[in-house]
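Should a chain be cited, it is by its letter among A, B, C and D, assigned in written order, with residues numbered from 1 in that chain.
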Amino acid sequence: MKVSIYGAGRVGVSVAFSLLHYSIVDKIVMVDIDKNRSIGEAMDLLHASGVFKYCNIYAGDPSDIIDSDFVVITAGRAQRPGETRLDLLIDNVKIIKSISEDIKKYAKDSIVINITNPVDVLTYLIWEFTEFDPRKIIGTGTTLDTLRLRTLLAQQCGVSSASIHAYIIGEHGDSEFMPLSSATIGGVLLRDYCADCDMKAEGSSTCLDFEKIVEEVRTAAYKIIEKKGATNLAIGAITAKLIDSIWKNEKRVWTPSVLIDDVYIGFPAVLGRNGVEKIVKLKLVDEEQELLEHSKSVIRKAIEEIKKVLETKNSPLDRISGT
Amino acid sequence: MKVSIYGAGRVGVSVAFSLLHYSIVDKIVMVDIDKNRSIGEAMDLLHASGVFKYCNIYAGDPSDIIDSDFVVITAGRAQRPGETRLDLLIDNVKIIKSISEDIKKYAKDSIVINITNPVDVLTYLIWEFTEFDPRKIIGTGTTLDTLRLRTLLAQQCGVSSASIHAYIIGEHGDSEFMPLSSATIGGVLLRDYCADCDMKAEGSSTCLDFEKIVEEVRTAAYKIIEKKGATNLAIGAITAKLIDSIWKNEKRVWTPSVLIDDVYIGFPAVLGRNGVEKIVKLKLVDEEQELLEHSKSVIRKAIEEIKKVLETKNSPLDRISGT
Amino acid sequence: MKVSIYGAGRVGVSVAFSLLHYSIVDKIVMVDIDKNRSIGEAMDLLHASGVFKYCNIYAGDPSDIIDSDFVVITAGRAQRPGETRLDLLIDNVKIIKSISEDIKKYAKDSIVINITNPVDVLTYLIWEFTEFDPRKIIGTGTTLDTLRLRTLLAQQCGVSSASIHAYIIGEHGDSEFMPLSSATIGGVLLRDYCADCDMKAEGSSTCLDFEKIVEEVRTAAYKIIEKKGATNLAIGAITAKLIDSIWKNEKRVWTPSVLIDDVYIGFPAVLGRNGVEKIVKLKLVDEEQELLEHSKSVIRKAIEEIKKVLETKNSPLDRISGT
Amino acid sequence: MKVSIYGAGRVGVSVAFSLLHYSIVDKIVMVDIDKNRSIGEAMDLLHASGVFKYCNIYAGDPSDIIDSDFVVITAGRAQRPGETRLDLLIDNVKIIKSISEDIKKYAKDSIVINITNPVDVLTYLIWEFTEFDPRKIIGTGTTLDTLRLRTLLAQQCGVSSASIHAYIIGEHGDSEFMPLSSATIGGVLLRDYCADCDMKAEGSSTCLDFEKIVEEVRTAAYKIIEKKGATNLAIGAITAKLIDSIWKNEKRVWTPSVLIDDVYIGFPAVLGRNGVEKIVKLKLVDEEQELLEHSKSVIRKAIEEIKKVLETKNSPLDRISGT
């Protein structure tokens, strides 16, 4: 099995490193414009592979992605402290466009997993640029946010995240939210579970402040970036897990960024060997439906804006390309 | 980590064999009155351990269970074709009593997992015989039935059982049932998921017949016993998984047989290093609550009956003991 | 990935059960003339798969083996107490012939792993019957015996079998032996390691009696069969491991039964996705070379004898077929 | 199980990240003087843990290392491009001294694994500072170099590193070497294996240039540091593997830095729950013995030098401390 990773930066390397632990990959190609970086990382990864199973890892050119089973995109500039994810857009579209052309040319049967931010907008554009079946193009969407939510709930409630079924859905960004009406722990609605819990705070009806915990998830990236300059480990771990799960055709439900109506957005979907096997028809109460629509409109607006820029003659994008 | 297993029969051996794959156990003691059987199985298991991690496995006497972290009970007569699980009761109580005395004497800090049928009744008696903290004594309860349900749903719905949250609860026997009102796939109520599903049969509101699938679970053991004489693989796999999960303190929700009011019965509970960490307050609709009460009464009656026999002077049990 | 297993007996089921723990197989077909047995075992295995990853397991007919990646042969009569492995020959050739025809017809791209005894002779015949590339046809050979040797050494020496490089080679039978001249622990010749060891017995130059330990390996099957009627767990575990390792293209050295000159015999070989990637040119001292030649001649004689029977008109074999 | 890691830099984080994949740790404490860095990394690691098993990870103070099962030391300045490992010495001794005092105070039953360079010298000093049983104090020594050697051989020879028994021993530095006289592939001396190999280059007696491959290992760190500024992935993966293997009491042979005569140096040793269970008496030919003695003397000299500095009143070390 072959995986190509665009971007040998913090995220790309973390994906590759985590993936080695599954002993399922035979070849990993790291593609980065910073050739030194990708050569160095590939050497270190190659040595690490010996702990698990030999894997042929090297720094390659776009033509080396040929016959990849998966192409993972992490190329781009990372979020800077204080900056919103949408600010990154203009800078990263150009990169994404050229990568899409590579994939179309060399790896048209691969499953494409985009991580580069703003992930929903760029995944949409990759879909447009490649013209691939949308089931084969996904973004990591709110898989990371859902992971964070479940880990925080696991920590607070003393229950394994495997028994917690709560999602973060919507834009991987400020408009994301938890649909509380369907969130459960061990088959009990989260709301009821908390109301009944012995750990409940004095004078409160639940021990958890749901809004606070979602806020914690929503701002986790900002906080981590403030402290260490980037987030890379959890996104690396969850992306490697997605690849393992898709490769083994497990058909689990995740919250990747998938095409719903006219946008790519984080929503529960079954992933298997064919990519998106099914989008889950999650029931939302009115208030949640509104939040979803709002989140869609945020993404839609960003797509429209960037499309306008793309269509403009002598657009900044062209000029960047022209450089 | 040390595990002692009473009964080196089909089930006991399957538990041990599956457990080796986790590379977490240092010592396994197989205790069986049929010494030849346990010596042979222990030799074969010892050789198998080399594929994973060396584990000291041998056929031992009750005193060899000393300092066990887990004691697994599979000793007893297996269900015969046509026979109900309750029929086994009288025959197995005597065995259970003497094993309980061993555990009390040699392994009072262990977590005890009972598999011998009728599992709910015998687990209750083990609790009474040992006088241990009920959190340290569990039966496999409906963990096997829940596993079967999820596997059958996974097969029919094309979704990983990891994303299916449906339980079988109650007596591990004919009165068990699925609380449909809380069963979900990917966060959607099973009922709604099915109604919306593309695979839905013509002229039907859902593609699944819920009663039929539960009936399939309920009768699975009978069918397998009819075909191959016993069931041992799935129970072996799920018990080994329980041990791994408890040992790693994962705190997942399972449906072991746990003490609820005055009976041991299959019900959702969080299992960790302390045994039963929490019993989940599953919400049941009236009809389900009735089914649970009925199931409890079935177990209660069996316990009362056996207690009467136990209290009778010159009871069949004494006479058996006296032999 | 698809595996077909002929024989849903003790060995076939142990292979399938162990294999589930690797979460790499999508489909397992159990083929047995005893349809009840295979249906029962397939149901039990299917439920067990839910603990790991859903796997479609069913009792099939020969035509169901189509497109298998691996075909494992365990069909046949098992060794009876006291009986040598060669005694089984006549009974099992007929079975093997018909299975070879199935494989030729339905699964010509599969890797075939034979376990049925006498494993070296029958693997040779499968190769002749199928006329496949010999690299795609292997027997389990002395992989089980090597496993046993390493596990016993691990136990006695307190060193992981992963750090012990000692083999049992030759016929999977009474003429097998350990080439002591190349056996090492942690890079030290076994002989030297033992001579230097603190655990060395009083008045002895080493603590291990090499002949005794090889004798223990050689007679392990007899002893286990005497105690429990068959050996199935260690062979199940090692075969599943072989499949996992071949599938992942690990290219480890094992001691399968491979074609050397005119016989199939247990010898170190590198196994990968192409089957036998390379036969290792193990250096043997004269005495060991003689033992190997002797072992080859034992197998050669058995093959010749059976070929004579096969060529005889109205041979017992034909008559069996005619029944 | 609890692991404390000094240094939340590139290496420390890679150890923690890899370790999460084994699902064996309940608590990880990251101790770094750069509190922001350790808080940020701990948050990211905590989220990542949810993919495997919840693990309580946080940025702690020295007193938080209490009751650790393992203390891993990665604190210090990393090697700069061009700089030899010994150059780092003076800068890192002070750090090591204060950490040793923490361990002595809070975690006297832990196994200590030192990674900070120069690893052999500093591990020796940790042993002196703590006055612990030397079996409980190890350095990663040449485990990383052995890993690199085996991975490169695996790549060139098309054989799994699990079947390659070759070591790099001596100082983790320029004087390290491969004892070719005991190196084997699949039980065949590496020298013979290569001479017999089909891949052998024209006009050459072997296809491998042994000196060249060892040189590649010896200079790997320099090359990687030149390209990406540090090496962290392979050392992270091998250290996590060591922890897993020790915790499971596997008793494999590795090449950690262990106390031999009056120095700590990379040499084959069996590691288990007690730390160093046994030092393997590897046979060396004269030339190799000389290389080992030379390597020892390099380490010895560095230790002596630093001791002189330590003993000097108003030593640079005191003055640094005084700042």
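Following the convention adopted for this analysis, contacts are C-beta pairs under 8 Å (C-beta built on N, C-alpha and C of every residue); 3 or more make two chains touch, one makes a residue touch a chain.
Keep in mind the model is a prediction, meaning the values are calculated, not measured.
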Would you mind checking which chain's C-alpha centre is most distant from the centre of chain A?
C
Sharing more than half its contact pairs with C-D, counted by residue number, which one of A-B, B-D or A-C qualifies?
A-B
Between chain A and chain B, what's the gap in Å when you average each chain's C-alpha atoms?
39
For chain A and chain C, let me know how many angstrom lie between their CA-based centres, rounded off.
45
Separation of chain B from chain C, taking each centre as the mean of its C-alpha atoms, in whole Å:
34
Would you pick out the residues of chain A that each touch at least 2 other chains?
53-54, 154, 160, 250-251
So that we know how the chains sit together, what is the shape of their touch graph: line, ring, star, complete or other?
complete
Quick check on the complex: what are the chain D residues that touch chain A?
13-14, 17-18, 20-21, 36-37, 39-41, 43-54, 56, 144, 147-148, 150-151, 154-155, 160-161, 220, 223-229, 231-234, 236-238, 241
Using the touch definition from the top, list the residues of chain B that touch chain D in their complex.
23-24, 26, 53-54, 248-251
Residue ranges of chain A touching chain B (in the complex, touch as defined)
154, 158-160, 162-163, 165, 167, 179, 182-189, 192-193, 196, 245, 250-253, 268, 270, 272, 277-278, 280-283
